[in-house]
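Here's the structure we're looking at; comments come further down.
By written order: A, B and C. Residues from 1 in each chain.
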Amino acid sequence: MNDSLLKRHITIYSEQLRSRRLWNIFIILIFAVSFFMSSSIIDFNLSQIIDGFPRLSDYIVKILPNLDINLILENSKTEGSIQYWYFNFKKYAALLYETFNMAVLATLMGFIFALILSFLSAKNITPNIYSYHLVKRILEFLRGVPEIIFAILFVWALGVGPLAGIIAITIHTTGALGKLFSEVHENADLKTCEAIRSHGGNWVSEMRYGIIPKVLPNIISYALLRFEINIRASTVIGFVGAGGIGQELYLVINFNYYEEVSAIILLIILTVITIDISSGRIRQKIIGEMGV
Amino acid sequence: MASLEINSLVKKFSETTAINDISIRILDGEMVGIIGKSGAGKSTLMRLINRLIEPTSGSIAYNGIEITSLKGKNLKQWRSKCAMIFQQFNLIDRLDVLTNVLSGTLGINFKLLKLLKIYSKKEKIEALTYLNNLDLSDKALQRVGTLSGGQQQRVAIARAMMQNPSILLADEPISSLDPKNSKVVMDDIKKINKQDGIMVICNLHSLEIAKEYCDRLIGLSDGKIVFDGHPSSLTKELAEQLYDLENE
Amino acid sequence: MSEKDIISLCPKAFYPLWKRSPIVFTGYILVIFYFLFCLYYFDFSLGKILSGLSNMKPILVAMFTWNDFFNWNFNSIFTGLAQTLGMAFLGTFLATLVCIPISFVASRQIFKFGLIRFLIKRFLDFIRGVDILIWAIIYVRAFGLGPFAGLLSIFTVDVGTLGKLFSEATDNADARQIEGMQSTGASKISVIRYGLIPQIFPIFISQSLYFFESNTRSAVILGVVGAGGIGLQLTERMKAQYWDQTLFIIILILIMVAIIDTASRIIRKNIIDE
């Protein structure tokens, strides 16, 4: 190879490398600036961490149960036993059950509303362009506002209790699923719909036979995913008085019933993980083998 | 003369015995083709020589130095000395061709700056020269993922050459390539063998190509050597046995 | 041909619904019954809800009556927004830094100790099992009210999720590229730098951006339990029944989230195409 060509290649390579490096430095600078701005606005500094961590570990030690390996299986009167730690288990179980039902109901209702609205807000199948834009904006609003904010509002209106939470989660679910569903519809292919139209089928039959069979596995799998999210949501929506185990957790944290805090949190984790795993299994099954 | 000596080499996976008591001696400057149907143990043999995997028992020695017991730095040195190219190229798709070739120096000459993709001018010139020999210098700045299979395999050869190897291991280098590119790549490998005197061990699934390019063929079947000799001495029956399903 | 003969051609077609695909059918029935049961369990009546919602009317009216707009404390509102963004940014950023080494451990080809991998994965599961608001109250208890608690809760939850996603990305990385680098005799650090990072970095950045986006949403609600940011401003105004400012803040939140969404979508697209 002649030397000048080689040199030219190397110059080009070095230049390209240099410009890429400049670009990287620029990005790093942006990050650094954002980092320092963020740190100053939220008073983030090392001393806060250093001061705080002993307190955090103190707190964690306090909420952890005082289990004594020798007494662990004793009855609820003996300090150190699991039963002593979970003396309130019946109450927690009832509340967890309520929480679960809140999530189920909110997911199902949100699912129904979202499914109906999604046909209107999918560009390719909407019966009319105004309803498309209107519904789309509404869905955006519904999922844009966090459920806990809705919950605060509904606790005002409906009083303390699970109803406020259910409605809040339903509303948010409608927004979130509505968007996903209409995206699923938009990716569906419309040949079947055209065929049905050519047979003289109306819009509803087009949706039922042209769209639903194609999108159902996807939609159900999204709904299950949302159910997993809603289980989490309903464990905390009680913080504002909207029902479920969160209400109890908020109470024991504020009254410093230390050991009960860990008892409840552990139950929540177990519930959430169990439901995540089972729902994940079902989702995988559904994606494989569903025909309607 | 320097040589690679393999003695009673065995490699067992949980269920299969991929290499079953193999002994071979290969001299510097030889171009050896390893043939056999898929599952015969060809890739496993290559990986054992490069020490990407550990043998169950047996020995591999180069110039009298035992390879199978090398550790740490010496192991890395050995790997860079016996460069390897793969059926699927195994290049870094998202990086440009030149950087891929330059990455061949990481084993023999590591510098912290190389983690920032900074290489010396001398190395860059060397890399470009190899690329130029393989007719790829105009692609130097292109991302590897955008090249054709034949081009990628030649990039892999250039990377191997950057390692300044004594041995080139090629694991089915042409089985993802079309006939035209296959010829280009095999010619390049042959050139490396003839001009630089580098020992080449090449797994091939095509008997014709193996006969055309190699001075010596080793036939593997179920992890055992069933043939070792000049291509002309390979009988038709044996060839059919070696390839039965493959060529139907 | 008699009707019977015709039916015998394909008897299955005449099975009742529940016999045609019993599993799906039972599934539907169970769901419907559980749905009805839940309505009963919560004593869910439309009348109750409608009468409750009618209580909302004065609130809605108040939301849209902006009388003393110019006397509102905009300073605190915009500081709140900035805090929310800051929490989301720092939380995501620090979590990303922590999750990169975690993800290397998840790569089977690079890190050989299965037990450590298993323990880390279970730890991440545990972190993800606790909702961000629960972390937030715990941190508020330990560190006091304010955005620092919020930052820590975002960080914690992100370590759980990003740690998992990053690990999956490294675990699914193309093994051939790693093997190719190993075959050259490169050291572990070079193998990671060349064989792994070019593959996974674009994925990491795009996932972190995505989480920054969703963390701005989470950061909004952390104020509900006192962990600072715009959520704190919002809940304070709701408690004081300043419904006009409540709506104003909600609108600001929606705008902020929309801007971040769009920006992050554009950047992510460019990274993936790059």
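Following the convention adopted for this analysis, a residue touches a chain if its C-beta (ideal position, glycine included) is under 8 Å from a C-beta of that chain, and two chains touch if they have at least 3 such contacts.
Model, not experiment: these values are computed from the prediction.
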Tell me the shape of the graph of touching chains, choosing from line, ring, star, complete and other. complete
B-C or A-C: which has the larger count of contacting C-beta pairs? A-C
Please compute the C-alpha centroid of chain B, do the same for chain C, then give the distance between them in whole Å. 47
Distance-wise, how many Å sit between the C-alpha centres of chain A and chain C, to the nearest whole number? 5
Could you say which residues in chain A touch two or more other chains, in rising order? none
Report the residues of chain C in contact with chain B in the complex, numbered from low to high. 174, 176-177, 179-187, 189-190, 193-195, 198-199, 202
Mind listing the chain A positions that touch chain B in their complex? 1, 5-6, 9-10, 12-13, 16-17
Could you list, by residue number, the parts of chain C that touch chain A in their complex? 24, 31, 34-35, 38-39, 41-42, 44, 48-49, 52-53, 55-56, 59, 79, 82-83, 85-87, 89-90, 93, 125-126, 129-131, 133-134, 137-139, 141-143, 146-148, 150-151, 217, 220-221, 224-225, 228, 234-235, 238, 250, 253-254, 257-258
What does chain B use to touch chain C in their complex? 50, 52, 75-81, 83-84, 86, 88-95, 103-104, 106-108, 110, 114-115, 156, 159-160, 163
Residues of chain B touching chain A in the complex: 98, 117, 121, 124-125, 128-129, 132, 137, 140-141
